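The letters A, B and C name the chains in turn, as written, and every chain counts its residues from 1.
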Amino acid sequence: MTWVRQLLAIDRRIIFLLVGAGAALPLLFPLNLPVAVTPRVRAAYDAIDALPPGSKVLLSMDYEPDIMAELFPMSVAVLRHCFRKHVQVIAMTLYPAGTGLGERAISTAAKAEGAVLNRDYAWLGYKSGFQVVMIGIGENLRGMYPVDFYGTPLDSIPVTRHVNSYAQLQMVINLSGSSAADYWIQFAQGRYHAPLVIGCTAVMATDYYPYLSSKQLLGLIGGMKGAAEYERLIDTFGDARRGMDAQSLVHLIVVGLVIVGNAALFISKRSGGDGGGPASGSMTR
Amino acid sequence: MVRSGFVTPELDTRWFDPARLNVLIGILLFTAFLVVNIFRARAKGTLYVRPIAGLKALDEAIGRATEMGRPVLYVPGLSDMSEVGTFAAITICARLAYRVAEMGCDIDVPCYDPVVMTVLDGAVREAYSKAGKPDAFRPGCVHYVSAQQMAYVAAVNGFMLRELPAANIYMGSFYAESLLLAETGARTGAIQIAGTDKVTQLPFFVCACDYTLLGEELFAASAYLGREPIQLATVIAQDWAKALAAAAIVGALVLSALGHPALQTWLKVA
Amino acid sequence: MRRGPLLLTFLSGAAIAALFFIPHYRAQAANSMLLEWTLVVYAFALILGSISLWNSHARKVRNRAEGWGFSVVTLVSLLAITALGVWKGVGEGTPVDWIYNTVNSPLASTMFALLAFVIASAAFRAFRARSVEATLLLVTAIVMMIGRVSIGELISHRLPGITEWLLDVPNLAAKRAIAIGVGLGAVSTALKIILGIERSYLGRS
């Protein structure tokens, strides 16, 4: 049947159009769908929530604009939680283009929670070299960062004055979309035994499940869904919860397409066809 | 001047970390397996390694490219020399380039990392010489593109759409770009073979490629392609180590269930 | 002769491996220093990369190869960014920083955003119930896609739990098995390189 073959070999631009509409519409007309909290995100929330006021955490926001849709709302949510609990944050990034994003995340959260620079948080900015920086912090923070992003010596900043290595930090939080997370586990947790919470993109999340079972991670926030769960836990409605509406609709569209494709395949087979277009592991040659 | 109040951490003066004894024993055992199998290979002259479909298809891919008069595109992953996956990508590229030179088709190797580019350039050049066709080597076939992930993807996708390579081979460490590359390659109708040690990216390659080397198969590939007994011995040593790991896991599980968690505790890496 | 590079590989590989077991502060300081050296080596390697990029695109322009106009854009951009970087620096507020944030970053974000579209297209083509295994994969994918988003909870309150189980049990079991294989493969490759069994990286296949 011609229409079945046409459906199986559908122009991918039609698929793109459907996905584009599915992503855009809920952002214009929010659906406010519910978000269920998973144990991994709950564990991350509980670990931060249990920190006594005045505790110090190192937050490394290691991402660039390409994955900010997932990690920026996560950064804001985590920072807001810290500020709300009066946990002092020493923030940094290992990506050059992460400087602007990190600063924006901090100012957004600080504005929402009334946090003040140098009293509630310090912003160290960007430093290159994953392992070198992580080991450097373990040995001598001032060797890596003699001054903060704005040029103030760390000794003059109340938040950093008594901190010179992981030993003086109650927790390390890494939000990243790259192998930076592996290095934080290897060095900050593995070598210096710093309590560690990781936030990463959804695709990466399952890579870190074994570290949760082995207790090398206290919690894991995965992708926009994880960020949305965190927003729910701190009772805010941010970009992640808004984004989950779009993600839900796009997932439904993809599921719909897969079902339609399989129905067409079934009809094609019954009418003696070969199933039309190529499938997994058998591209046209 | 405000005085620092931080405490200097105590300096570690130990020359061995006993918590890592388990790793040391593991590595020594692995090395022993390697040595034993190298001696076995030398004595026997050959060793059996199961066929890997994706690697058998490499010849088909090169043959197809030769027939069509189109190039083979080899993408060596987006990592630097600190990733073992990159070394695997280099060794596979060298062996692939040898076959490409023998069959007389063209190869294009866009690189993400300048050091990897330099190494690959030498390896491909050497492969052409070894195949007896040093003059057929095209300077610039191994070239640098960009150390930025998405800029690299844009350039390689553009190459695929303009040059329409007959075969796209992706070997090494890949990240979010895997599907962007493989899906564009699928659109051009090229035969696609992928292999990566990044488990997260495997589903994407499985969806969009004709053949995919799963995890460790990437590391076995160079030995398989070379068919040299010593190289094959390393694959067998790997299998022995895997059997030992499986036995240790089962043993630890059973002993823990019986109330003796000592082995499980000992196996943990500090 | 390749004895020199092979010996250097053996000594540096063995030293780095040994440093993993030596927690002594002096050994760790040496480890940090070696890591810093790699950064310096990479900085110089970028010069090689830039030369290769220049040669590759200049050749295309000279030969008027298909799409040579793009090569002109690449060459002009390479020259302009390098000149601006040398002249005005690369720190916050410099022209290079401005170009990075306003041109490079949005372009990278756009490329990454295409992933959503190609995932949909790949899923449509790949998820076909052609065999028992493919049907299992298809059903699991549908459960995951619905169960992992907010709408899944509306359809059935059990769906999120099912997806969590799929991720925690079958997924993690398979992943660990592959990861063990990858780990052993990596160790095997590293040993082959340190012991000089594998030499392709020296330009010898």
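Just so it is clear, contacts are C-beta pairs under 8 Å (C-beta built on N, C-alpha and C of every residue); 3 or more make two chains touch, one makes a residue touch a chain.
These numbers come from a predicted model, not from an experiment.
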Most centrally placed chain - per-chain CA mean versus overall CA mean: C
Far-end chain from subunit A, centres as C-alpha averages: B
Rounded Å distance, subunit A centre to subunit C centre (Cα mean): 18
Subunit A and subunit B, separation of their C-alpha mean positions in angstrom: 28
CA centroid of subunit B to CA centroid of subunit C, Å: 12
Subunit B residues counted as touching two or more neighbouring chains: 149-150, 176, 186, 199, 206-207
Per-residue overlap in subunit A, given as positions that touch at least 2 other chains: 12, 66-67, 139, 206-207, 278, 280
In subunit C, residues with contacts to at least two other chains: 28, 104, 108, 111-112, 119, 121, 123, 125-126, 175, 179
Residues of subunit C defined as touching subunit A within the complex: 28-29, 31-32, 35-36, 39, 92, 100-101, 104-106, 108-109, 111-112, 116-117, 119-121, 123-130, 134, 138, 141-142, 145-146, 148-154, 160, 164, 167-168, 171-172, 175-176, 179
List of subunit B residues in touch with subunit C within their complex: 11-17, 20, 23-24, 27, 30-31, 34, 80, 82, 84-85, 87-88, 90-91, 93-95, 97-98, 111, 113-115, 117-119, 122-123, 125-127, 130, 140, 143-151, 153-154, 158, 162-163, 176, 179-180, 182-184, 186, 197, 199, 202, 204, 206-208, 214-216, 218-220, 222, 230-231, 234-235, 237-238, 241-242, 245
Complex contacts: residues of subunit B adjacent to subunit A: 1-9, 64, 149-150, 175-176, 186-187, 189-192, 199-200, 206-207, 209-212, 268, 270
Residue ranges of subunit A in contact with subunit C within the complex: 10, 12, 15-16, 18-20, 23, 33-36, 38-39, 64-68, 96-97, 99-100, 128-129, 131-132, 135-136, 139, 206-207, 209-210, 225, 228, 244-245, 247-255, 257-259, 261-262, 265-266, 275, 277-280
Footprint of subunit B on subunit C - complex, ascending: 17, 20-25, 27-28, 38, 41-42, 45-50, 52-53, 55-56, 59, 66-67, 70, 104, 107-108, 111-112, 114-115, 118-119, 121-123, 125-126, 175, 178-182, 184-193, 195, 197-198, 200-205
